[in-house]
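See the structures that follow.
The two complexes that follow have subunit A in common; it is paired with subunit B in the first and with subunit C in the second.
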Partner chain A sequence: MNRSIRRSLYITSIFALVGAFCAIVWHGFTYAGAGSASVQRWIETATLLGTRNVVSSIYLGTRFLDSVLELLVFAVAVLGVRHFLDETAPGSTAEPPDPSSESHVVSAAARLMLPIVVLLGLYLAVHGHLSPGGGFSGGVVAASGLLMAAIAIGSAPVSRRLAPPTALERIEWSAMLLILALVVAPVAISLPPFSPLLPAGTVGRLASGGNVLPYNLLIAIKVFIGSWTVVQQFLRHRGGI
Partner chain B sequence: MNGSIGIIVAISLFGVGTLGLILRRDLVIKLLALGLVNTSAILCLLSLDSQATSAPPLLVPAYTQQMIDPLPQALVLSAIVINFAILALALVFVMRIVEQYHTLDPQRVEHEVEEERR
Partner chain C sequence: MTNALVLLLPVVAGIALLQRRRLYAVIGMAVFSLLLAAVYLLAAAPDVAITEAAIGAALVTFIYVLALRKTGRLVVAASEVPGLIQREGDGISGLEWVILQRLAHAVGMDLVIRFVPHEEVGPMVLRGEADIAAGGLVASDIDQGVLVVPYPLPTARFRITGPASPGEQHAEPAGPPTGYFADLVDAVRSDEPVAVTLDLARFLALTRYDLSAYTVERMEGDLNYALLVSFGRVDLHAQLAELIDELDSTGRMERLIRRFVE
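This part shows the complex of A and B:
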C-alpha cells in the first residue's frame, strides 16, 4: 500500500478513535462529582483513619494494595535500569569531567539549595497525611535536589558524599521489605492484612493517621533512592554531566 | 480550570501523542509522544470533577465549599509513578539499541536485525 494512503488511513482512524472517546465522555458517561455519596464515604474513611489529607487515606488506606503493586513496578524499573546500564560498553563508564569549574555562582547556589530542597522533600513526606504531599512527592522532590546538585557540581562528587551504591540499594530494598512486613504484620494478631497497627490519633496532629506516617516515610526513602539511582545511572552512562 | 476545557485539552494531547507514536520514526520522539499520551490521561482524570468552586480534598474547617472527589487524584498518583518507571526503562532500551545499531529509526534496526539473521 502506498505510504501516503497508509498515513492518511492512520490519521483518519486516530481521529475516529478520539471522536468516539469524546462521544463516550460527553454522552455515555455520568460522573457523580463533588458532594456525591462516594465523596462522603471517602471523607468518613479519612476521619476513621485519622488523616486530614483524604487522598492519602485512599492510596495508603483503602487502596493500599494498588500502591504496593505500584511500588513493585517502580522497584522493577529501577532494577532494570541499574542492570542494563551496568552492562555498558567499556570506556563509556569513565567518570565524566567535573563541571564545577564552569560557574562558581551556579555551584554555590546548588550547594546552598540542596539541604533546603531535601528538607522540603522530608517535610512533604512527614506531613503527607495532614497537607498535600506524601511519600511519592517527597521522595521525588529530594531526589530532584540531588539532580540539581549533580548538574551543578557533577554527579561523582554528589554520589561520593552519599552512601556507597550497594548500601543505598540495601536501604532501598529494606524500606520495601519493611512496607511489606507492615502490610502482613496484622495477620500475627488475627487481623486482616493491610489493617492499621498504629492508633488513628487526633486528626490534625502529627502523630495521627495510623500507619500512614510510617508508610509515607518508607515510600519516600524508596522513591528517593530509586529516582536518584535512575538519574545517576543516566548521567554516568552518558558521561555528559 | 473548567473541567470540560481540561477534557478537550486532554483529548487533543491524546490525539497528538498517538499521532507522534505512530508517525514519527525517531524512538526518542516516540517515547516523548508516549509521555504525552500518559499526561493526557492524567489531565482527563483530574478534569473530570474540576470546578473552580470546589474545595481541595483536605478535611480543613476553613473550606466551606463541597469537596472535590479525591479518588481520581489518588489514581493519578499511580499513573505518574508508572509513567516515570516505563519511560526510564524504555529510555535504557533505546540507549542499548543506539549502542548496538547506531540508529534511532526502528525500520533501520529491523533491517539490521534481518541482515544479521542472514
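This part shows the complex of A and C:
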C-alpha cells in the first residue's frame, strides 16, 4: 500500500475513533444532576461540614482519601524531577544568563502582575470551601505567577528572592506531613480517621467548613512549591529562558 | 453553546495532531485545554475549569515549550565553503545547505546554522553544542565520537604552503590564517605566508587568485565529502543517510551538484 493512502487511512481512523467516542458520551452518558437521591445525600454531607462549595466538602471531606493519594502521586512526581535533574546533569551548576534585556515592557508588566496572581492563588485556596477553587488550583495559579516572572526576568533572580531550595523542600514536606497528621489525629480522641476536628461553623463564613480550610491551605503550599520546583528544574536543565 | 464547544473539541484536537511543527501542535493543545475549561465551566463545574485552565493551558504548555527549545532545533556547526555552504547576502546557499534544509523539513525542526572557524566545527559536535557538522568536511577530519554520513561528491586534499622566503627553506611559515575561509583569501591576495590543508571546493575557489608564490601539493587518497552527526543523535544519522540515498537514487543529487559545484 502506498504511503499517502496509509497516512490518510490512519487519519480517518483517528477521527472515526474520536467521533465514535464523542457520540457514545453524547448519547449514553446521563448525568443525574442535583435531583437524584445520591446527590441529595452529598448535599446533606456538605451542609453537615458547613461548606458552601459542595465539591470541596466531598474531595476534602468524605472522599479525602482519594485526594491524599492524588497528593502523594504529585509528591512522588516532584521528588523524581528533583532527584534526577539534580544528580544526572553534568555541568549544571552554571546558571543560564538572565534575559532581563529582552523587553522592559514585559518585565515591568510581569513585576506588576506577580503579586496580583499570587494573591489570586491565595484567594482561591483560602476561599476554596466558599467558592470555586481550592488548594490544588490555588497552588498552581500562584506557581504560574512565578513562572510568568521567570519568563520575564529570568528564573535565577526569582528563585533568589524566594527561600533557598532546601528550605522550600522542608516546607513542602512539612505541609504533606501535617496533612497526614491531621488525617490520623482523630484516632487519638477515638474518632475514625479522616473525621473533621474543627467545628462546621456558620455556612458562608470564612471560618467554617471544618477541616476543609486548613487542608486547602496546606495543599496549596505543597502544590505551589512542587510546581515551582518542577518549573525551575526544567528551566535550569533545558537551556533556560 | 456547550454542545457546540464539545463538537469543536475533537476538531481542535485533530488540528493539533496534524501539525507538522511541534510548537504549533503544543499551541493547539493549549487551545484544546482552554476550550475544555470553557466546557467544564458551562457544565457547572467551575472548580475543574479553574484547574484545567491553570494546569492544561499554562503549566503543561510551558513545560512542552521548554522541552521543545532543546529538541525543536537542529543546530548545525558549519565553516563557510564556497558552493557547499556559504552566506549570500542575508541568506545562505549551497549544496549542503539544501540537504540540511530538506533534513530539517523531514524531521519537523527549525534549522539553525552557526558559522564558526574550521577547527571549531568538530569540537562543537563532540561537545554536544551542535547536532551536525557541515562545511566541506572529509570523514577523516574527525574520526572519533561522530557518525559519518558521506554524500556522493568526491574531493581531494591540497596542501598549500609558502611563499618560501629565500634562505629560509623548510621553515614553517608563521601564523597560518586558517579558521574563516575569508581570512585565508585575504592572506593569499596579499601574499602573506600560509600553511593550510584544503578540500577541493575551497581549493577551486582559491585558484581564482594568484597562487604562483605558493607551493601546492595534492595529497594522497580517494576522499568523499561528508556530514558529521553527533553520537547523541543516532535518529538524525539514520534519517540523513536515508535522505541522501533518496536524493541520489532519484537523480536529484546530481542536479544539485551540477547547480552548486560545477
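Rule of thumb we're sticking to: the second predicted complex is superposed on the first by the 203 of 241 C-alpha atoms of A that agree within 3 Å, B and C clash if a C-alpha of one lies under 4 Å from a C-alpha of the other, contacts with A are read in each partner's own complex, and residues count from 1 in each chain.
What we mean here is this: contacts are C-beta pairs under 8 Å (C-beta built on N, C-alpha and C of every residue); 3 or more make two chains touch, one makes a residue touch a chain.
Model, not experiment: these values are computed from the prediction.
By the touch criterion defined above, A:Pro164 reaches neither subunit B nor subunit C. When the two complexes are overlaid, the chain among subunit B and subunit C that reaches more residues of subunit A is B. By the touch criterion stated above, A:Pro115 is placed in contact with neither subunit B nor subunit C. In the superposition on chain A, A:Val18 makes contact with both subunit B and subunit C. With both structures placed on the common chain, the touch criterion links A:Pro132 to subunit B and to subunit C.
When the shared chain is aligned, subunit B and subunit C each come close enough to touch A:Val230.
Once the two complexes are overlaid on the shared chain, A:Val55 sits against subunit B and subunit C alike. Once the two complexes are laid over each other on the shared chain, residue contacts for A:Thr47 go to subunit B alone; subunit C is not touched. In the superposed model, A:Pro199 lies in contact with neither subunit B nor subunit C. Contacts of A:Ala143 after superposition: subunit C is touched, whereas subunit B is not reached. Looking at subunit A, you'll find residues 11, 14-15, 18, 22, 53, 55, 132, 134, 136, 227, 230, 234 touch subunit B in one structure and subunit C in the other. Residues of subunit C touching subunit A in their complex: 6-7, 9-10, 13-14, 17-18, 45-47, 49-51, 54-55, 58-59, 62-63, 66-67, 69-70.
Of all residues in subunit A, only 7, 10-11, 14-15, 17-18, 21-22, 25, 31-36, 38-39, 42-43, 46-47, 51-55, 58-59, 63, 66-67, 70-71, 73-74, 76-78, 80-81, 84-85, 88-89, 131-132, 134, 136, 203, 223, 227, 230, 234, 237 touch subunit B in the complex they form. Per the touch definition, subunit B reaches subunit A in the complex via residues 7, 11, 14-15, 18-19, 22-23, 44, 48-49, 51, 54, 56-60, 66-71, 73-74, 77-78, 80-82, 84-86, 88-89, 91-93, 95-96, 99.
In the complex of the two chains, the subunit A residues touching subunit C come out as 11, 14-15, 18-19, 22, 26, 53, 55-56, 124, 132-134, 136-137, 140-141, 143-144, 147, 151, 227, 230-231, 234-235, 238-239, 241.
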